[in-house]
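There are two complexes below, and they share subunit A, which is joined by subunit B in the first and by subunit C in the second.
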Partner chain A sequence: MSSRNSVSSALRLLEGPQTLGKGPGFWAGFAVVLALACAYPLFADGYDVGNNVYFFNWAFMALGLGLIWGYGGALSFGQTAFFGVAGYAYGVLTINLGDAYGLTFFSLVAAVAISALFAAVLGYFLFFGRISGVFLGIVTLSVTLVLERFMSQTAGPEWAIGSARLNGFNGMGGMPSLTIPWPGGDIVLFPDVALYYLTLAILVVVYLALRMLVNSRFGNVLVAIRENPQRAEMLGYDIRRYQLGAFVIGSGLAGLSGVLYTAWGNYITPSSMGMSAAALPVVWVAVGGRSDLTTTLFGTLLVLAGFQYLTIYGSQYALVVMGVLLVVTILAAPSGIFITLGALFSKGLRRRLKRERA
Partner chain B sequence: MAILRTEKLDKWFGGLHVTDEVDFTVETGEVHCLIGPNGAGKSTFFKLVLGEHAPSGGAILYDGENITRAKPFERIRRGISVKFQVPGIFQALKVRQNLQIALQHHLQGATLNEEIDRLLEFLKLKDAQDQLAGSLSHGQKQWLEIGMAIALKPKLLLLDEPTAGMTPDETFATGEMVQALNAQGVSVLAVEHDMAFVRQIAQKVTVLHFGKVFAQGTIDEIVADERVAAIYLGEVHA
Partner chain C sequence: MDFSSGLFSFLYQTGDAFAFLVLSACGLAVIFGMMGIINLAHGEFILCGAYVTTSAVQVGLPLPIAIFLGTAVAGLVGMLLERVIIRHLYSRPLDSIVVTWGISMIATQGTLIILGSTMPGTGTPFGSFSVGGYGYSVYRLVLMLAALATLAVLWLVFTRTRFGILARATIQVPHIAEALGVNTSLIYSLTFGLGAALAGLCGGLYAPTMTLVPTMGSAFVVEAFVTVVVGGADIFLGTAPAAAILAVVKAGLTSWQGQLAGQIGLLVAVIVVIRILPRGLTGFILRERA
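Here is the complex of A and B:
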């Protein structure tokens, strides 16, 4: 009985003050979008479907940054550090352990845990050292750039962990894809329809879980810290713990992105932790609207698709366009494009826009 | 029995002695006002009690326990609560959610909602509960913050210029709130400029001057003290 109560009260948190969208209308829309996403492989070539898993791979890092920055008010400019650490960790683990017996999934979990642990140690010094505002961005950016430099000079044969060569600037390859153990032959999740469904399922679970998290008591305190850290502390909350908690969860999600990306392309390079890589998640999250999970998710997918389009069709200026997009967003639509455009049609969003501008 | 006592509390900022070995006591159940001219060290003393500044020397005792080294949130959890001069509320959140965040420490579910409703009634904010806190009038913001402060069920309430920027009517209503809380057993320490408000609420008044306790007594004794009048006019630099 009590367990049923706790399940139903957890489900109630899917809607709340910290998330846009409630009621049958929203969930009907959610079901339609999910159905379309599920139906997509029926109408497309397996190769294309596999390629497009790429877009989902990044969404976790964006949602994590939305949690840390949009909800917690702490701008981390170095989420790619956790992406890279987890990607390399997956490579090292799977190259040494192999892909039998579901060990790739063990490696996935272990690599995410390693990135979360790294975030816990770094975050401890950041938040318990009361580093905030622009300095938080500078320190986190420095960390990711240091990691990029470090990994770039690991070309020599002495840089190997077990049988995994780190390979310096050229990057590490040859790690196995995610592999499901199956009687009569393991199922290898090459970039194809099966990997698409797995990644989509993880994305849906993470999205819904984050909705519950931000509408919980934890989420209440997190937005309170964003609004007024002194007042939050003077209500008896140890705000450092809450900020650290959000940072570890958000960075673990960046790690999940790193693992999924590495397993998808069987490849990871130091430049995944470089300057432009570090800036891009900030652009995705800002353009979509960082103060909400749904706008963050769709903004990320939209900007990624646009970036991909520009890169493929010959433009050398995709990165410049991203920079312009960020500047325009900050000047013209600081709440993100969805909330700004939506405000043209919805009174509730107009109110929200007004208060976010205030 | 003292709810709050400082013993030779001392604070230097560089070469500036802003709090000079202050021995100060708030008795349990008392409404105690702290006054003094600008630069007397009232705000610093307030921040020392809250734990926002670490003292250079001396001790702070709360309810008999030494809290000199306790972190601000630890002091709050022991039963101190504070209302700042500039309303410290969560502007972008609804009034109701502001109170919920203050109350969710110790309450949940139906009891949480009942307590929010009770507080909204007390604060005269029932009709504004679904507004954003940032859209309230200045006086209402002050009340909301008082509400958040008392939601913690404090034993000692610290008020930093609670009536700053209020109309006379709002000031008077605030005084009635403080008296109602005091009648429920809450001890109060208020830093205040408005002497009409001090007269309305204070059972005891302490005057700070150059970081030292300059005078202490009832409001009538303080008003009658010529030396106090003189420091407000800037004649005596004792």
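Here is the complex of A and C:
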């Protein structure tokens, strides 16, 4: 009985003060979107489906940044550092361990854990040093830029871990895809329909889990810290722990993005930690609306799709458009396009917008 | 290598690192110290200064005038951006930082589209001299002097000129300054322009020593960031001593393990320092004095 109670109270956290969307209407919409996402491979060929897994791969990093920046109010400009660390860790682990016995999934978990540990160490110095918003952003940005430069010079044969060559500026390749051990032949998840469903499932689980997290006590305290750190501290919360917690979770999600991306493309380069790579998550999250998980998720997918379209039809202008998009969003729709547009139609959103502007 | 030439080599490298840190950070520090904004487009103002300087040299202007032009253009662009975009975001400091990142993306990629992936450089002037069998560039000594001169001029500007007094008044209590008749919005513009111009100066001074590519700004920003983080809000109590301390760290690690070790060492030093001195050297020194 008690376990049933705890399950139902956990499920109640799926909606609450910190997330937009509640009631049957929202969940019906959620089901429709999910059903469409599940049905998509039926109408497209496997190659396209596999390519489009790309979009989901990035969503985790965006959700993590949304948690740190949108909910926690801490600017982290260096999420790509954790993306890169986890991607390289996955590469090194799988090249050395191989893809048998489900070791790729062990490597996935281990790589995410490594990036979360890295975030915990860095975050300890930052948050327990009581670094304020601005400095947090530039220190994390510096970390990712220095990592990029470090990985870029690992071209020589002396830069190898076990049998995995780091390969410098050209990046590391040749790591196996995620592989499910199966009696009668392992299932290798090449970019195809199976990988699509796996990534979609992880995305849905992460999205719902984050909804529960931000509506729990932890999330409420986190938002209280964002709104007014002094007040939260006076009320007796150790704000450093909450911010560090959010930072580690968000960075672990960036790591998950890194692993999924590396396993998807069998490839990772130092430029995935560079200046423009680091800017993109900030654009996605800012444009979508960082203070809500759902808007962050849809904003990310929308901007990514636009970016991809531009890259095909005029690659060099894509980054300029991203920059313009970021500037215009911050100036004209600081809560993100969805909430600003939605406010034209809904009174509740208008009130929320007013509160955020204040 | 005997002891004295070894010592000279170390001093030369430390001085070189000091010049690099001071010149790349002071524009960022002026804007941050005065306005509380970290300008993520800092590297692109450096880029602007470098490109303008090099173009001016290529049409035949002497280097000092070319550097002056680079500085002036970067400063004017900075003032323009402040007027058009950043002005609207003073009530939201964190958003203003994100906006400067957007500007940075536009500028880097725009330069790549318009001017191509690289620009022919001009070569380092003045040649070299040798001490104890090792060659040293004379121009690097000029850069060290330029760094010291920049600090001196900034000190004079902020303590001895009308603009400096008004700027400091505006920063301390904006409303009172305004009530006393200071045109604070002009002061903000000028301060941002000054920071951008200092970045342009850095770009102009280093243009002869570097390959000119659209992403060259990011070669400066890490050093500039860490110097400002260690230094804190005050350019004289913070940035200058921070640059001096970090220069020793960087020169030591660079001569021991190479360029990259120097940079990694800087970053690690910074992360440790902020754990101990959250308000940077400025906070530390001010607390000692209080």
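Criterion: the second predicted complex is superposed on the first by the 357 of 358 C-alpha atoms of A that agree within 3 Å, B and C clash if a C-alpha of one lies under 4 Å from a C-alpha of the other, contacts with A are read in each partner's own complex, and residues count from 1 in each chain.
Throughout what follows, a contact is a pair of C-beta atoms (placed from the backbone, for glycine too) under 8 Å apart; a residue touches a chain by one contact, two chains touch by 3 or more.
Because the structure is predicted, anything quoted here is derived from the model rather than measured.
Comparing subunit B with subunit C, more residues of subunit A are touched by C. Of the two partner chains placed by superposition, only subunit C is touched by A:I330; subunit B is not.
When both complexes are overlaid on chain A, the residue A:E227 reaches subunit B alone and has no touch with subunit C.
Contacts of A:Y237 after superposition: subunit B is touched, whereas subunit C is not reached. In the superposition on chain A, A:S6 makes contact with neither subunit B nor subunit C.
Of the two partner chains placed by superposition, only subunit C is touched by A:I138; subunit B is not. In the superposition on chain A, A:Y317 contacts subunit C only, with no contact to subunit B. For subunit A in complex with subunit B, the touching residues are 17, 217, 220-221, 223-224, 227-228, 230-239, 351, 355-356, 358. Residue ranges on subunit B touching subunit A, taken from their complex, read 50, 71-73, 76-77, 81-82, 84, 88-94, 97, 100-102, 104-105, 132, 134-135, 145, 148, 152.
Across the complex, subunit C is touched by residues 75, 77, 122, 125-126, 128-131, 133-135, 137-139, 141-143, 145-146, 149-150, 153, 274-276, 279, 282-283, 286, 316-317, 319-320, 322-327, 330-331, 334 of subunit A. Listing the residues of subunit C that touch subunit A in their complex gives 32, 36-38, 40, 85, 88-89, 92-95, 97-99, 101-106, 108-110, 112-113, 215, 218, 221-222, 225-226, 228-229, 260, 263-264, 267, 270-272, 274-276, 278.
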